[in-house]
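Each chain gets a letter, A, B, C and D, in the order it is written, and its residues are counted from 1.
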Amino acid sequence: MATVGILTSGGDCPGLNAVIRGAVLKGETVYGQRFVGFLDGWRGLIEGEVMPLDRSSVRGLSHEGGTILGTSRVGPYTDPHGGAENIAKVLDTLQVDAVIAIGGEGTASAAKRLYADGINIVGVPKTIDNDLDATDYTFGFDTAVEIATEAIDRLRTTGNSHKRCMVLEVMGRHAGWIALYSGIAGGAHAILIPEQPESLDQICAWVTSVKDRGRSPMVVVAEGFRLPDMDSAHSTKGLDGFNRPRLGGVAEVLAPLLEERTGIETRATVLGHIQRGGSPTGFDRVLATRLGMAVTDLVAEKGWGHMVALRGTDIVRVGFDEALANHKTVPVDQYQEIRVIFG
Amino acid sequence: MATVGILTSGGDCPGLNAVIRGAVLKGETVYGQRFVGFLDGWRGLIEGEVMPLDRSSVRGLSHEGGTILGTSRVGPYTDPHGGAENIAKVLDTLQVDAVIAIGGEGTASAAKRLYADGINIVGVPKTIDNDLDATDYTFGFDTAVEIATEAIDRLRTTGNSHKRCMVLEVMGRHAGWIALYSGIAGGAHAILIPEQPESLDQICAWVTSVKDRGRSPMVVVAEGFRLPDMDSAHSTKGLDGFNRPRLGGVAEVLAPLLEERTGIETRATVLGHIQRGGSPTGFDRVLATRLGMAVTDLVAEKGWGHMVALRGTDIVRVGFDEALANHKTVPVDQYQEIRVIFG
Amino acid sequence: MATVGILTSGGDCPGLNAVIRGAVLKGETVYGQRFVGFLDGWRGLIEGEVMPLDRSSVRGLSHEGGTILGTSRVGPYTDPHGGAENIAKVLDTLQVDAVIAIGGEGTASAAKRLYADGINIVGVPKTIDNDLDATDYTFGFDTAVEIATEAIDRLRTTGNSHKRCMVLEVMGRHAGWIALYSGIAGGAHAILIPEQPESLDQICAWVTSVKDRGRSPMVVVAEGFRLPDMDSAHSTKGLDGFNRPRLGGVAEVLAPLLEERTGIETRATVLGHIQRGGSPTGFDRVLATRLGMAVTDLVAEKGWGHMVALRGTDIVRVGFDEALANHKTVPVDQYQEIRVIFG
Amino acid sequence: MATVGILTSGGDCPGLNAVIRGAVLKGETVYGQRFVGFLDGWRGLIEGEVMPLDRSSVRGLSHEGGTILGTSRVGPYTDPHGGAENIAKVLDTLQVDAVIAIGGEGTASAAKRLYADGINIVGVPKTIDNDLDATDYTFGFDTAVEIATEAIDRLRTTGNSHKRCMVLEVMGRHAGWIALYSGIAGGAHAILIPEQPESLDQICAWVTSVKDRGRSPMVVVAEGFRLPDMDSAHSTKGLDGFNRPRLGGVAEVLAPLLEERTGIETRATVLGHIQRGGSPTGFDRVLATRLGMAVTDLVAEKGWGHMVALRGTDIVRVGFDEALANHKTVPVDQYQEIRVIFG
């Protein structure tokens, strides 16, 4: 009867608790596995700090946001007390036979190295930005899209009442999936993503065209989008040569520029941390539960070095190698497909 | 420049308006197609009753439930004024070059026959029950799952307060997808679907086991589930030999039986039409919009006899033949996968 | 330093946990009161079954539906082991100095008698039906209205798509507040409440008038509404003289009658237990928290025999006598005010 | 048969459309009034730009956010083309007998002057900040509280996972009602409002105390709150003497200060325009509908110079004078009541 340690690492994501619950329920029932949770991601593993995890401790967790295990950005190799040797000792001391690491690219990368260094480790992919290539979707993404979509629905009505252009900034540092999906869902008139440059002229053309049809423009922008000329715009000197405060996010840079150029009153909203908190959508709970259940099969079959993933409607397994081969950004053709109806 | 007629047929489904909007926006912009809408499904096509559909008429539709075209259960061959010959005449009179039929199995089946009879027709799959094999998911399904999941979340707290067993009946006459997904998402203790028989004894065992752990049992049942002995239970004579009123749905049959057998106070809720109404989830709006946009490609390429579908994250096209080859029910192994943690 | 026992009695209601939390936080901090919770309402008090209640046990409770103390319909005088004498002994044994009873009319009535019999007891009014005269609103009511309103929003779109009349049954056995408020909020075309008789002819006239304007009628009916001729309709013999199954609620009786008489396809939905479960609205959380905090003032001042209540925006105190003097039903003039726009 | 012109003025607010619908439905049905809508607030009145408003134009409006009439910040006396004389001419030309002005303090103030100048005008109070003394609540406020409460619920889970302090900035320039109510509802550990100064030391003490109990602090701050020492903090020089970018809102000033002082990682979220958009809550729709209906009574009775308002559960009428007498801020005692449980 194996003892399995679970950890959640990196940015918080709705569905983490559902993964934990799925793993514990199935692992206990089907395989007789026992579980402990490492606290605060890799930190708990490095320092050997654990909490017991049994059926009663995961009770009712599927609808809870966050992670009962806590999370941190500590890495197993970057931390001074980390390293495979130390971790092997901790596992030995705690009599933990295997590790389930739930995390993003950094976690998969560290897990791959730990596996190479002899640790019995498997993974569950997690990124709210949906930018892991090995899986069709990551849990948490759907919840973020839903929250952003509701925000667009709300902003649209107030934009219309005031005849304003509304700019909503959503998450997505390197991949624009949340902006793309929520923008489509909310009927945005322009969607700006890190992968695809658009000039200020082009954005203004879209905004003006919407206004000319008597509507209020809605622009959704991923936090990682940059105007070609944005480094200067983002600095303390504005396009007009006057000093201007350096602002928080790209929406707060974009909004005054759009207003200046188009003459349309424009307001920025930065959605922020709300996107990664709270109760997951049904879709994310199902995906997370299925991944959690499936990862116990991996453990039972000693499929170290692999993680579980979604392909179509199936849960499959992929090697850490394969999972890390590509960063999944929005493909040009998928962006172009929707871009034709902007404005 | 083609004129294209759109119709929505069969049961209402969140996302229909988003399909219509996606088609009109892309068809107009990219292909210069013109659109009209047939009113109330096939009835409008048979009787030649149309409404104009242009950019302004689909404004802001992505978040609206229902269908602005109306729907009905009229069939193009079953209606006395139907038939391919008549329909061809109507299309000719209206100068409509092609038909986009948004509907379920019945619609696809009729469309296939119309195509064989020479009508330029393409399709968009629609079934809230998610039981079309050609596509990974149908729009509307995710919304129904979300609504059912929220209902489970609500019922759970009141079940716990009263120490009651709660039984929720959701849609699914022949396929248990909504029950399966919402049951997983809501952490149900038993999920009962049409595809998989379960005895009353088994269900009582799950319910009792939950109660024995000090929790309040939550049972999700698809409307199409039948107990092996349910025909008699469903009749006017109850198991105790006394007359009993014939009740509405399976939940209303199951609840008193569970209460009788387990001694646990049990309450039934039938979710009903709420599941197919209202604003679609972000997921469904994206899927519906993408399908609507893609079906205009089919029209532009004269891909008559095909429909668009979701495979993984891609929109693909499948022939009506293929789309109708199999009914997508919950596979035994996917049910068994989750069944192990019931109780 | 007083020890205070809290109990929640009668039907579950969103906000109970927020009351408990408010009382414990303020009572501990301001008055140094200590708290225990009686389990399952009066049962826990009669049997002396308690759980500790301190700051950490009420952590994060404001947004949780249900009651962590459990509830039941046991009464302190109706139960064979009840009675003031026994209860006084239990309190003495447990060294509990005062009781906070959170409940509806029955609870207030019992509390009044216990107070007369010498028990140190104060109350917090609770009824999801909002029918207590002493307070402008009871917590839980706003949540129920919100849930019913969302259901109407959903049913409206599917009603429109199918050109159906939709009938929604909401809670309200003796008072039609939930129907009235959700019906107004949802823009219903007829609202039927227990307090106001309406003939089938009148309801059909409203429904037909809506249909004649090209819209889909939406009827909201409180569970306690009865047609003048409903006892017969509700029996096994229908108006047409044929046998007909006895159905669950008034909506299931009304819908076929409306369809029969008006010729408009009509569908019934019974919202049921969903209305009393799940996370409370912000309004209800604030009201419940304020009541919970205020009731500790009552305890500190030994204001036995009183309960806290909402008047305008103020929390006031009223004697159990006064609280029970009148049942708050929908006044005729308030119903007539909205009735003029039915149809 | 009077013709009545309606206008909506000032900041957008959920429920405006429900007021318009309520007025038109009752005014037409009961009093035979005819309605037109002035576009974009006072601008439409000054320029005589109107849209027809009848039963069909207010169809289904109760659940729609925003205002179909549009709004602006134009004032009837501040605009060069304004003034009572000009407005009287416009009304005469359009044959409009009376004006219903839906707006906040500025609107009431202007309406009072127009009334003194002989215009037949009545009012409906509107302020999302709930700071009008004449009425217990204004519509839109409950929706804003609900949205802010949901945001707190989401931020709490992600705060817990990361062991961060979360700071949420909500609306409220001069009155802290939204912060107070959402903070209570969400179980915030500190609520900061414009009416009540709190020192950075005090806030840090609360935050630290929460952290010491092993929880993640949640701070809700109204946009109008200022630290005693905030002017300097808000400048380009931080407390540490180093240059620091001037940031958007108070949350963005407060968060780094809290992090610096307490050593707890802290994140700010500014909720912004989302709070005033989208579908109103049931409570707001009922309040708005009742106000809209009641204002037609005022018109019918020629109660010029009055507005309708909520007192307890009743809709009453108050003179513009009285309505403007006091600004309704959070009273010290109501703040102190909740402040005792901070930390």
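Heads up, the rule we're going with is that contacts are C-beta pairs under 8 Å (C-beta built on N, C-alpha and C of every residue); 3 or more make two chains touch, one makes a residue touch a chain.
Note that the structure is predicted; figures quoted are calculated from it, not measured.
Asks: So if I look at the partners of chain A and the partners of chain D, which chains show up in both lists?
Replies: Correct list: empty, since no chain touches both.
Asks: Between chain B and chain C, tell me the centre distance in angstrom, where each centre is the average of that chain's C-alpha atoms.
Replies: 34
Asks: Once you find the CA centre of chain A and the CA centre of chain C, what distance in Å lies between them?
Replies: 40
Asks: Where the CA atoms of chain A average out and where those of chain B average out, how many Å apart are those spots?
Replies: Their C-alpha centroids are separated by 29 Å.
Asks: List, in ascending order, every residue of chain B touching at least 2 other chains.
Replies: Where chain B meets two or more other chains at a single residue, that happens at 153, 156, 279.
Asks: Every touching chain pair, please?
Replies: Contact pairs between chains: A-B, A-D, B-C, C-D.
Asks: Can you list the chain C residues touching chain D in their complex?
Replies: 21, 25-26, 29-30, 55-56, 59-63, 136-137, 142, 145-146, 148-149, 153, 156, 181-182, 184-187, 213, 215, 279, 281-283, 285-286, 289-290, 293, 311-313, 337-338, 340-341
Asks: Can you list the residues on chain C that touch chain B in the complex?
Replies: Against chain B, chain C makes touches at 8, 12, 14, 16, 40, 64-67, 70-72, 147, 150-151, 153-163, 166, 245-248, 252, 267-270, 272-274, 276-279.
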